[in-house]
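In what comes next, chain A is part of two complexes: it sits with chain B in the first one and with chain C in the second one.
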Partner chain A sequence: MTINVNPPVAPDTAMQMGPQDYIRRSASSVPAPARQLEAVAKLIDVSKCIGCKACQSACLEWNDLREEVGVNAGVYDNPHDLTPNTFTLMRFTEWVNPETDNLEWLIRKDGCMHCADPGCLKACPAPGAIVQYSNGVVDFVKENCIGCGYCVKGCPFDIPRISKVDNRSYKCTLCSDRIAVGQGPACAKACPTKAIVFGTKEEMKAHAAERIEDLKSRGYANAGLYDPPGVGGTHVMYVLHHADKPSIYAGLPDDPRISPLVEAWKGVTKYAGFAVMGIAAAAGVLHMAISGRNRVTVEDDEEARRLTAVAPGAAPLDPSKETLS
Partner chain B sequence: MTNSWTDIRNTDLVVIMGGNAAEAHPCGFKWVTEAKANRGAKLIVVDPRYTRSASVADYYAPIRQGSDIAFLLGVIKYCIDNDKVQWDYVNAFTNAAYIVKEGFAYQDGLFTGYDPEKREYDRATWDYEIGEDGFVVMDETLQNPRCVWNMLKEHIAIYTPEMVERICGTPQEKFLKVAEMISECSTPTKTMTSMYALGWTQHSKGSQNIRSMAMLQLILGNIGVRGGGMNALRGHSNIQGLTDIGLMSNLIPGYLNIPTEREVDYPTYISSRGFKPLRPNQVSYWQNYPKFFVSFMKAMWGTAATPENSFAYDYLPKLDLPAYDVLRAFEMMDQGQMFGYFCQGFNPLLSFPDRGKITRSLSKLKYLVVMDPLETETARFWENHGEFNDVDSASIETEVYQLPTSCFAEDEGALVNSGRWLQWHWPAQNLPGQAKHDTWIMAQIHLKLKQLYQEEGGKFPDPILNLHWPYADPGDPKADEIARELNGYAVETLRDPNDPTKVTVEAGQQVPGFAALRDDGSTAAGCWIYSGCYNQNGNNMARRDNSDPDATGAYLNWAFAWPANRRILYNRASADLDGKAWDPERKLIEWDGEKWAGYDVPDIPPTSNPRDVGPFIMNPEGQSRLFSRGMMRDGPFPAHYEPFESPVVNVVAPAIRGNPVARVFESDRATFGDAEEFPYAATSYRLTEHFHYWTKHVWVNAVLQPEFFVEISEELAAERGIEKGGWCRVWNKRGSVQAKAVVTKRIQPLICDGKPVHIVGIPLHWGFTGAAKNGMGPNSLTPFVGDANIETPEFKAFLVNIEPSSGPATA
Partner chain C sequence: MTDSTLHGRPAPQVTKADIDRGDRLHVGREVVVDRYTKWARVNHWITAISLILLALSGLALFHPSLYWLTALFGGGQWTRAIHPWIGVVLFVSFAGLFIRFFRLNLPRREDAQWAAHIGDVLKGDEEKLPEVGKYNAGQKFVFWAMSILITILIVSGLAVWERYFSQYLTVPQLRVAMLVHSMAAVAIICVWIIHVYAAFWVEGTLRAMTRGNVSGGWAWRHHRKWLRALATYGKRDDQSPDGRGPAT
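Our next item is the complex of A and B:
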């Protein structure tokens, strides 16, 4: 019997990307890239999503992640939160619309938003642990990660998770490895209703505009695009039926911003030394556990200053030696 | 499906009722989102639960499980009362004007001819008046009170919006909104599609649930048109193929019948299958029955099937009962009348109702053979797994053989999808371990049996010794060879009947389609409806041309659809009496003055005059049936009956419990409960994260939905003191299960006949093998009751009680 395989997919060279396309690199500087890639975006149309979790499944499969078999906690969300192995998670919210008194089951795919102005990258003291490409992808380079957890604090969306196994930070890569060879993210590929689509940011905005028009015609007067300006816009965007109330979708921030402390600290901070990073990592985890998420405290800020004051500074970037995560 | 998955994008209104397409058919559901995007289509969901489908619906209405007929007859009444009827269609293409036979009546929930002892009807009066010319008597003015239309109006008069609310618990304004949206599809330029699945079939009146919607679709003129139809969403990727090939105890392939023991010889058998047209000029395609039957017999027994021995008619088994369905099989095991069981590719310990009875029955077998790619619970029914399979292993003597088989991705062959498409597929990987293809196993068993009969003789070895077995490797028939056999071939050289000098098919060659089959033994075909799938052009099921001229959704060169590569059944009904499309924007086929042509393969002889020949060629009437004569065991019109276990009495016919002709065994009556002891209305269903009992063996799926739970409303949780995420116990007379409680706003108590009815939702997917957490399933609780027509178990409506619990000791 003949074994047939998937047909080969011709790589789209125009979409290829690599370290030469970095526009930002944590705790270090990068030379201006020779070219500017077109901005990409993943659009998640919450109004078309049926919550089937094919995206979650595809994410686990493509990234070769093994999540634990958990328990039922009285809801459909499984696992119950993002983890170092769960980069994306369907969050289910039962919401009674006060205007119609009808139940609405809001199902939002949570994961990294790939901010144009990434708080995680700005907060990160480890040179090259977080990078941003000129097409907008924000990626973690785990070889450079020191597990300090500052990215968690820097993220306005509470996305990164630190692994207890290897003490490094993990989140959605926007399938940078797939994009690099001209394919879209695995979640978009798996989505049966095309609730998740991927393309250039302009295309996605145009597509969203059509969807919003359709939703308005169906009575959702406040339908709109979620592309929050507080973080410079995002490369993962949502179409929401109730764009005036993002937080009803399992706590999607109404107006996300990077903590001003991260911004201030970033102005002073440059490069952190690896020698002290081990201590910093442990301290970071401890701080995260104590001070909760999404907030950078004064103590954090001071600690970062202390660390970076003794840092010898990182070597300038050599794109040819950088690897994709 | 009368239509296809891809055709759903042509619709204006999707009604999901009796199913949950987004949950259970997420990939097919994409065509609903396409319809919304392309045509601005609306989606209505009617379901006891606010489902994943409801989450993307334009309108949702709740309904109590098991009350769909009342709801649908209410919609039909609404359409008739408000003159939302596509009259040209109804007049031309349905039996509305036929006169019903004297003596037929309906009263107090029963039709004429009921025998309470046998739980059966004498259906003699359930027919038309036949005139002296041998054709049915009609009144095209619809004035005669005995015409089907007036009888129907009278029959449904009680299903007012008030009555619908009383029975179904659907608030009147919600029912009326749904009825209004549906009624708008009575114009020729708006169509509605019905997507349903086990939510309609798994009831003691499942067939009538579907008939009710089919009648509504006929009244709206939505059958045979693009974006319309009755679309059954099949649960397994090849369950359509299973029914086509005749894996029903009373069928042989292509929906032909196994003879009964009263049909002692072939002339007797065939004499009741004349299918004489009931109206002039009609096709009545079943008149070709002998051609299909004889060709099947030639495929089975080759040269041993001759005109002299009536094509080996005596080789076929003869039924002494209407059917040996699964419920009967387990009843017989339990009664000690069945000693061996071959269980090929399914898991009855978790799939059949009343698990206690299933365990008891399997324990009485001498041997059980399980052919499956997975470690099923059935193969390990004798193993003690604490609360999850509490059996006394030492007392079970059944010998169990496990034969590991291939999974679909390791097989070559065709899967038949819901839209009747035979899509060929190739293996993605080789067989693991000692696994073998099912065909290899069956061939080995056959050859061994044959050898034993040859060596030792037997009472009647002929059917096995003479079985036509033409495969290159007799021990391992290939998918390609079997597919060719199903398509059919010429046994002798075929000649044009009008010009005998002209050879149409050489002996040994594949026939082009079922029109070439003959009743004289000169052709062979394993399954006539598949004929054309593998003909002189090669394997048409392997075609992968996805071109779609004018974007009609037909995709005629993608795979092969039975019959004859037709994508929409009854497609002649897409055009008016003169053969012009009802909706010029959604043209399907049209009459060009000489022949029918268009985007699909015409469903009638291509040169038949549009005013002479009706679209429903399989019916001797040539027209469709609002009154189904004696074709169904439980009535020519649907009527509301409660589930066998119901929280309320039947307000239409209080004296009647359940469907009066549903499949019930006396031995099970003691296991039925009433609302006093078990006040809550339970239902069972599947979740999108899993596929039946398969994917709990897959780690990723187990992560996404790890543990057995039940769903209840916040009100019921408060009433019974059950906490969200806590443990609860659900029980009735048949069993008891413990589950996590999902407390949700998506289930609301319904007010039925003035009293609140609480719903308990019980998903299935968990057992004691695989990667997911050990758990139980609804079949520990479901009743051993079957549909009146096809014996499908009543999994969707039964009674339970519920209380908080501390969880299984071995969780």
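Our next item is the complex of A and C:
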């Protein structure tokens, strides 16, 4: 098995990916790609993570980002949340295992999961601001982003962050610029314990299976792979020692899926909305055609004159307001 | 009370309260009735332009097939940035209209009768309808629908205003706000279509919002109770209780 963290420096041209490999493009359609890239995945083995944050540093460095100096709130999480500059974040959870009464320090590297069915892309109104490649990478195209924040609502994992500086949305790219030339993601390359590995999705699943077997042999009966089917599987997967309860890992969703509210907003509201507006306009046209305009008759004018002939409250008509010719 | 048994029907009781400030009857060779003051019209058109710009910029982000509308606002980023500000203008402007118009849009007994005869309304057969004051039940529906929908839209719109307010809400709350905002937007566009259509369909109506007045015949045909009140009490604020006209 090859774990493609340190590939040859010479670019692997077969792996090079570009716009020709889009399988989805937000608010627009793409032609079916001529080839199918092999699905890739990043596997994060939570049981091997030591919380050193080398991945966070590598991410900042490769993507040329700087985080502001923050404040310590008594926990190791730094910064306290994902930001437009922090695409990946170590989240630390102190969890007491009720079965053993042991304190377990759960450390999860949070970031974009690269869903096979991406809620961000579904919600995005700007053509081409979010794209999905045939190898599974979901990427934001900054030039097309309008900063509306719809992706934030669409994401089942609460990942995208909108920059207040340039009003564009940011998240982990899975180092699409590195993958495009046959390299693995910067975080995987920096990880000193190989808790983060990268390769084809099949390879990563096989590797995960070995790790899970090992964990089970060590007493973690519920060890398992987190590759949630509710979003069609993900191209970032976790090996969890307690895969039966993902939410203990700093709120990792137990069964993530695109929210029904987002589905309704992006589905039935659009079609029913257009239908209702169209019907309202068509009804107007039809009504006008059938009944003609509602016109004031000569009799109406005469009645008005009769009624107001002795009106005590009337003012003499200003001749400039006379419209009769 | 003049002409109390016109068409064999007793004329409804009218009071000074059936007249708005600024409504005025002018009688000469023809009858002209002032319906909207200059500032009411300015207020209305600011609201109208805001609503149209909001619909265009909102629809641009509502469906990909309408994304090209962002070009009207200088591109996607500008559309996203300007839409909420236009919303603020609309809200403030509509608040002005609400204060001006709400009193005579409060429901009255004849509104139910009028609504029950909606078939005659659509046929333009107004002699079968009860006499109505300055606003009929249809106009009142538009007024209250706009009032409620604009309130929903401003609240949900502020919630999803990424630049200033989104960070104070959770993602599940934002999803609710987004769905509510888009559904309310569809509803208000439909109300707007009804409003504009009715103004075109009923000839002589647009003039009320352009020049500010309507013909006596229009007032007699569509808002007879209002015309009666004007004929009886004249300009509301200047009229003494004995029904005598003011010294102009």
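Everything below uses one rule, namely that the second predicted complex is superposed on the first by the 255 of 325 C-alpha atoms of A that agree within 3 Å, B and C clash if a C-alpha of one lies under 4 Å from a C-alpha of the other, contacts with A are read in each partner's own complex, and residues count from 1 in each chain.
Just so it is clear, contacts are C-beta pairs under 8 Å (C-beta built on N, C-alpha and C of every residue); 3 or more make two chains touch, one makes a residue touch a chain.
These numbers were taken from a predicted model, which means no experiment stands behind them.
**Q** By the touch definition at the top of the document, which applies to A:A54: first (chain B), second (chain C), both, or neither?
**A** In the superposition, A:A54 contacts chain B only.
**Q** Which of the two partners, first being chain B and second being chain C, lies in contact with A:G136: first, second, both, or neither?
**A** So A:G136 meets neither chain B nor chain C here.
**Q** More chain A residues touched by chain B or by chain C?
**A** More residues of chain A are touched by C.
**Q** Which partner chains sit in contact with A:N72 here, chain B, chain C, both or neither? Use first/second/both/neither.
**A** After superposing on A, A:N72 lies in contact with chain B but is clear of chain C.
**Q** Once the structures are superposed on A, label A:L261 by its partner contacts, choosing first (chain B), second (chain C), both or neither.
**A** After superposing on A, A:L261 lies in contact with chain C but is clear of chain B.
**Q** I'd like to know which partner A:C148 touches here: chain B for first, chain C for second, both or neither.
**A** The answer is second: A:C148 touches chain C but not chain B.
**Q** With both complexes overlaid on chain A, does A:G184 touch chain B (first), chain C (second), both or neither?
**A** neither
**Q** Classify the contacts of A:P160 with the two partner chains as first (chain B alone), second (chain C alone), both, or neither.
**A** So A:P160 meets neither chain B nor chain C here.
**Q** With both complexes superposed on chain A, which partner does A:L103 reach: first (chain B), second (chain C), both or neither?
**A** After superposing on A, A:L103 lies in contact with chain B but is clear of chain C.
**Q** On chain A, which stretch or stretches are contacted by chain B in one complex as well as by chain C in the other?
**A** In chain A, no position sits in both the chain B and chain C interfaces.
**Q** Considering the complex alone, what residue numbers of chain A touch chain C?
**A** 27-28, 125-127, 144, 146-150, 152-153, 155, 158, 162, 164, 167, 259, 261-262, 264-265, 269-270, 272-274, 276-277, 280-281, 284, 287-288, 291-298, 300-319, 321-324
**Q** Given the complex with chain A, which residues does chain C contribute to the contact?
**A** Touching chain A: residues 2-3, 6, 24-32, 60-64, 67, 70, 75-77, 79-81, 122-124, 126, 160, 162-163, 166, 171-172, 174-176, 178-179, 182-183, 185-186, 189-190, 193-194, 197, 200-204, 213, 215-221, 227-228, 230-235, 239, 243-246, 248 of chain C.
**Q** Quick one: in the complex, what on chain B touches chain A?
**A** Residue list for chain B touching chain A: 22-23, 26-27, 29-30, 33, 36-37, 40, 50, 52-56, 58, 60, 412, 426-430, 688-689, 699-709, 723-726, 740-746, 771-773.
**Q** Considering only the defined contacts, which chain A positions touch chain B in the complex?
**A** Interface residues on the chain A side: 1-5, 47-54, 56-57, 60-61, 66-76, 78-79, 94, 96, 102-105, 107, 192-195, 214, 217-218.
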